[in-house]
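Below are structures written as C-alpha cells.
In what follows, subunit A forms one complex with subunit B and a second complex with subunit C.
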Partner chain A sequence: MKQLAVRLGQRLLLLVGVSLCTFALLSAAPGNFFDDLKLNPQISPATVSALQAQYGANRPFPERYARWVESIFRGDWGYSLSYHCPVGGLVWQRARNTLLLTAFAVLLAWMLAIPWGIAEALYKGGWVDRTGELILALLLATPDVLFALLLLLLAARTGWFPTGGMSSSDVTQLSFAQRIGDLSRHLFLPVLALALTTLPILARHVRSAMIGVLDAPFLIAARGHGIPKSRLLYRHALPVALNSLISLFGFSVGSLLSISLLVEVILSWPGLGPLVIEAVLARDIYVVVAATMFSAVCLIAGNLLADFLLYCIDPRVRTAQS
Partner chain B sequence: MSDRAKRNALLSLFIALHLVVILPGFFSTQGYAEQSRDLPFSPPTRLHFVRPDRHFSLRPFIYGWNQAALDIGTYEVDRSQIYPIRFLVRGSTYTIVKGITASTHLLGVDKPGRLFLFGTDDFGRDEFSRMLYGGRISILAGWIGAAIALFTGAIVGLISGYSGRWVDSVTMRLVELFMALPWLYLLFAVRAILPLRIETTDTFILLIAVVGIIGWARPARLVRSMVLTAKERNFVLAARAMGASNFHILRKHILPQVLALLLTMAAYLIPQFILAEVTLSFLGLGIGEPVPSWGTLLAELQKYNVLVNYWWMYAPGIALVALFLIYHWASSTIQQRVGVPLT
Partner chain C sequence: MQTKLQPLPAANQAILSVRNLSLHYFQRTVFERRIPVTALTNVSLDLIRGKTLALVGPSGCGKSSLARCLVLLEKPSFGEILYGGRNLLELKSKELKEVRRDIHLIFQDSASALNPGMTIEEVLLEPLEIHEPTLGKKNRFMRLVSACEQAALSSKWLTRRPDELSGGQRQRVAIARSLVARPKILILDEALSALDLSTQSQIANLLLELQREHSLTCLFITHDLRLARMLAHDVVAMKAGRISDSPPPSLLLTPDIHAKPTPVGVVSIAKDTENIRLQEMPSVNE
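What follows is the complex of A and B.
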C-alpha cells in the first residue's frame, strides 16, 4: 500500500507541474481574447481595458496563477470569457459526456480484443491468425478521422442511427427505459469509432502476451490433466498474460481520450472535443487549461487504476514491498 | 511470392509513393488552385479504349462533359468529340524547388478537354492534383516533424542518459510532464500557444514546429534507456580509461548503438505525425485554403452533401490508409531486422 501512496503523491506533483506549464505557456501565447474586441469598432478602447482590468488579464503571471488556483478550490476553474460563466461547470458538463463515451469504448474495445487476440494466439500461423492479422493491419492503418466519417456516412445513408447529438428532440416525453434506448442508439456510432481505432493495438498485445503464456510448461501440464480448453484459456492462461495487459489499460484510456476529441467533433457528440476547439479558436484560455487538466487527470487516473489492479491481481507486486 | 520478391515490391511501392509526392507538379494534371467553375463536383473522368465507331484504340481517350439540362450538378457524357490522353504534355507552370520551374506534366489532354482522374470538388478543382499536392504537405510535415522530434529527443536522451545525476532527473521529469497528457490535448495546447491567423507558408513551418515540440519526449526516454545500458559496455569503459573525451565517446561509441533505435522510431513516428498534421488541418487549425493538405481535403467531407453524394472525395482517405499500411509494414520489417522493441 505504501508503494501506491508514493505513486499517488508523485502523480499529484506531476499534475501541479502540468497545470503550471500549460498555464504559463497559454498566458505567454501571442494574442488574447481581448484582441478581437479591440478590432471591433463599436467597442471603445476604454471599455476593452476596463474589461481587461475586471478579469485581471493584465496582472503579472504569479498573481493570475494564484487566483486561478484559488478558483479551483471554489470549483470555478477560472472564468470563461466567451461563455460568461465559470469554467468548472461548463467543462464538467461536457467532460461527463466524454467520460461516458470513453468508458463504453474502453469496455467494447477490450471485450473485442481479448477473444480476438486469444483466438489468434491459439491458432498461431493458421488461417484464423492470418485473416485476423490482416484485418487488424487494415484497422490500424485507417485513421480515426476516416472511421468517424465512414460511420457518419453509414448513419446518413441507412438512417439506422442518428447522425449526431446525444438525445432525440422528444427525449423529455420518453419513459426511463426509452431514454436509455435512445441514449444507446446515439452512443453506438461514436463508441464503435473509438473501439475500432484502439482494437488493433489491444488485440495485438493480447495475442503476443497469450503466445508467450501458451507455450509455458505449466499449461502443458494442465492440459495433460484433462482440463477443458475454454477453462484452460480463460482461467489458467489469461490471468498470467493479464499482467502486461493491465499496464496497457492505462495507455488505452489516454489514447481513447485523444481519439474521442476528434470523433466527437465529427459525429457531433456534445463532449469536450467541440468545446476545446472553439476555445482554442476564441483564445478562451481557461477553458483550454481546464480541459487539458481534465485529460491529464484522466490519464493519470487510468495509470493509477492499472497500478492498483496490478497490485490486487499479482501477489509478486504485493509482497515485493514488505 | 517469395519473401524477397514481396519485400522488393513493397519497397519500390514505398519509393514510388514518395517520388510522386516529392514531384506533385509533374504527376498532377493541373495546379492545385486551378478552377473549372462550370464543372463543380464532376465525377472522375472515365478512360475509354473503344471509339464510338467501334474501333479499338490502344491510346486511351476521354469524352467531355455536358451539363445536364434539368439538374444542376449532374453531367452527361458528350460523345461528339474524343480527347486522346497524351504523355509528357506542356501544361500549367509549377515550381519544383524554389526558383526552378517546369511545365511538363505526365498526363494531359488537348485543350478544350479536361482530365479529372479523381473528379472535382465544389470549385471544379481537380481532386487528383489536389491530392498529390496535399500529400506533399502532409508527408513532408510528417518527415520534418519526425526529424526534429528525433533529433531533439536523441540529443536530450544522450545527454541525460550519459551524464546521469541531476541532469537526468530534471529531464526525465520534463519528459513525464509531456507524457502526462493525451497527445491530441497536447497538440491543442501547443497549437493554442501559437498565433492563430497566419500566412499559409508560415502555417506549414508552424505545423512542423508543433509536431516536433510534442514529439520529442518519447524518443528521448527510449534513447536514454539505451544509453544507460550502452555506457556500461566494456568497450565504452575501455575508451574512457584511455582518456577519451565525453564528446568522442558519445559520438563514436554510443551514438552508433542508438542509431538502429532511431530508425525504428522514425518509421513509427512518421505516420503518427502525418496524422497529427491531418488532424489539425481537418479541424481548421492547420493549413488553410487554397493550399491543400490531406486534412483540409478530408474536411470537405464534413459537409453533408459531399459526404453522402460524392464518393470520389474520399480519395485522400484511401491514400492515407495505403500510406499507413506501407509505413507499418516498413516499421515492422525494420523492427524485426534490428530487433529493438519499441516500448
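What follows is the complex of A and C.
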C-alpha cells in the first residue's frame, strides 16, 4: 500500500512537470490565438485587447498556470477559445473515441505479436523465422502515413469498409446488435492501421524475450527431466518471458495513443487527433494542454497497469517489495 | 513395431552401454561461416548397475556433451546408447518418455537449472505430474515428502523459490527432483564443483547413502580427481572428445587404485563404499 502511494505520488509530480513544460513551451512559441483576430480588419484592436483581458491571455505565465490548475478542480480544464466551451467536456468526448480505438488496437497488436514472436523463436533460423522477420522488416520500413493511406485506398476502391467516421448516417434506426456491427466496421481499418504499425516492434520483442528464455539452463534442465515441449513453452518459458513483455505492454499503450492521432486524422476517426491538429493550428492552448495531459495520463496509467500485472504475475517482485 | 524396454539387469551388469558415440555440430561465427566442431569421437563405456563411474578430464574435453547425449538433450551423429535392450537413439518420442523417467541429469549450476518462478514444491511435483499422471494427489505428495527426506531437504523450503535458497540447498532440490521420479541412473555433471567443501561432503555422503539404499547407478562427471576417487568405483578419463587410453597420473599414484584397467581407459578403484563417509564440516550457508 505504501509502495502504491509512493508510486502514485511520483506519477502526480510527473504530471505536474508535464503540464508545466507544455504550458511553458506553448507560451514560448511565437503568436497566439488573438494574433489571427488582429489581422481581421473587421475586429478593432480594442475588442481584441478586451478579449485578451477576458480570457487572461495577457497575464503573466504563473498566473495563467494557476488559473488553469484552478479550472481543473472545477472540471473545466481551461476554456476553448475556438469552440467557446470548457475544454474538459470537449476533450473527453473525443478522448473516449480515441481510447476505444487504442484499446482494440493494443489488443489486436498483442494478439498477433505473441504467437508471431513465439513461432519465430521456436523455429529460430528456420524458414518460419526468416519469412516472419522479412515481413516485420517490411512493416517496420513502411511509414504510418502510408499504411493509413493504403487502407483508405482499399476502403474507397472496394467499398467493403466505410472511409471515415465511427457510425453510419442511419445508425439511429439500427438495433443494438446492428449498431455494434456498424461500429466494428468503422473501427476495423483504423484499428488495423494502428496494430500493423506497432506489430513489428512488439513481435520482435516477444521473439527476443522467448529466445532468451528458450536457451535458459532451467529450460534445458526441465527438458532433460522429460517435461513435454508444450508444457515447457506455456508453463516454463512464457511466464518468465512475460516479465519483460509486461513492461513493454505499458509502453505500447502510451505509444499507440501518440500514433493514433495521425491515423485518426487520415482515416477521419472522430478522436483526439483531428481536434489536436485544429487546436494547434488555431493556437487554442488549453485544448492542446488538455490533450497532452490526457496522453501523459494514459502513458502513466499503462505503466502502472504493467507494474500491477508484474506484481501479480512475478512472485519475485512481491518478495522483493515485501 | 514397438517393443517394451527389458527389465533391469542383475547387479554388476551393464545397465547402460554407450557404443562408438560421436557428436559433430556446426558452430556459426560472426560472419555466418559454419565451422565443423567434433565434440565426441567413438566414445564407448558401460555403466554398471548400482555402481558409480567417474568421468574425468579437462574442461572442453566432451564430458558434458556426453552427459547431454545420454539424456537425449543432444542428438549424437553416430553410435548407440543401449538401455533396456534398445538403442535410445532409435526410439520415438512417445517411447522415450519411460527412458526420460529412468535417466536423470543434475547440472553443476543448480541456481540456473531451476525455474525461478516456481516454488520448490512445484519443481518437485512436476516430474510426477508428467511421468506418473495416474498417481493421486495424496500419493504424489507422499512421494515428494519421501524424496525430500532422502535428499535431506527440509519441508519448510517447499514454499520457497530457488533464489531464496543457498547453493547447497538448491543442489539438494535438484537431487530431490531427480529422486522423486525414482530414476535408475543419475548423471551428475560437475554437480558438486560449485559447492564449498562442507556442502560438497554433505551431498557426496547423501549420494553414497542413496546408492546403497536404492542401487542407483551414477555417472559422476568431474574434473576433481579427489572427489572421483572418493565416490566412484571406476574412473574413465576423457581427452579431446575421446576416451583416453591412459588415466590421469594422479589417479595412478594413489594407493587405492588397481594397476590393471578393465576396458581401455577405465580404472577400477578398490574400495568399500559401504563404509565410506566423507568428513563433514559445519556449513556457513545452511
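As a convention for this text, the second predicted complex is superposed on the first by the 305 of 322 C-alpha atoms of A that agree within 3 Å, B and C clash if a C-alpha of one lies under 4 Å from a C-alpha of the other, contacts with A are read in each partner's own complex, and residues count from 1 in each chain.
The working rule: contacts are C-beta pairs under 8 Å (C-beta built on N, C-alpha and C of every residue); 3 or more make two chains touch, one makes a residue touch a chain.
What you are looking at is a predicted structure, and each value in this text was computed from that prediction instead of being measured.
Undergrad: With both complexes overlaid on chain A, does A:239 touch subunit B (first), subunit C (second), both or neither?
TA: After superposition on chain A, A:239 lies in contact with subunit C alone.
Undergrad: Using the superposition on chain A described above, determine whether A:129 touches subunit B (first), subunit C (second), both, or neither.
TA: A:129 contacts neither subunit B nor subunit C.
Undergrad: Should A:217 be classified as contacting the first partner (subunit B), the second (subunit C), both, or neither?
TA: second
Undergrad: According to the contact criterion defined above, which of subunit B and subunit C contacts more residues of subunit A?
TA: B
Undergrad: I'd like to know which partner A:227 touches here: subunit B for first, subunit C for second, both or neither.
TA: A:227: touches subunit C, not subunit B.
Undergrad: Going by the contact rule set out at the top, does A:182 touch subunit B (first), subunit C (second), both, or neither?
TA: Once the two structures are laid over each other on A, A:182 reaches no partner at all.
Undergrad: Of the partners subunit B and subunit C, which touch A:314 in the superposed model: first, second, both, neither?
TA: Second partner only, subunit C.
Undergrad: Which residues of subunit A are in contact with subunit B in one complex and with subunit C in the other?
TA: none
Undergrad: In the complex formed with subunit A, which residues of subunit C make contact?
TA: Interface residues on the subunit C side: 68, 71, 73, 96-97, 100-101, 104-105, 107, 109, 112-117, 119, 126-127, 130-131, 161, 163-164, 174, 177-178, 181.
Undergrad: Give the list of subunit B residues in touch with subunit A in this complex.
TA: Residue positions touching the partner: 173, 176-177, 180-186, 188-196, 275, 278-279, 282-285, 295, 298, 301-302, 304, 307-308, 314, 317, 320-322, 324-325, 328.
Undergrad: Touching residues of subunit A toward subunit C in the complex: what are they?
TA: Spelled out, the residues of subunit A in touch with subunit C are 216-228, 231, 236, 239-240, 314-316, 319.
Undergrad: Write out the stretch or stretches of subunit A touching subunit B in their complex.
TA: For this pair, the touching residues of subunit A are 14-15, 17-18, 21-22, 25-26, 28-31, 137-138, 140-143, 145-146, 149, 152-153, 156-157, 254-255, 257-259, 261-262, 265-266, 276-277, 279-281, 283, 285, 288, 291-292, 295-296, 298-300.
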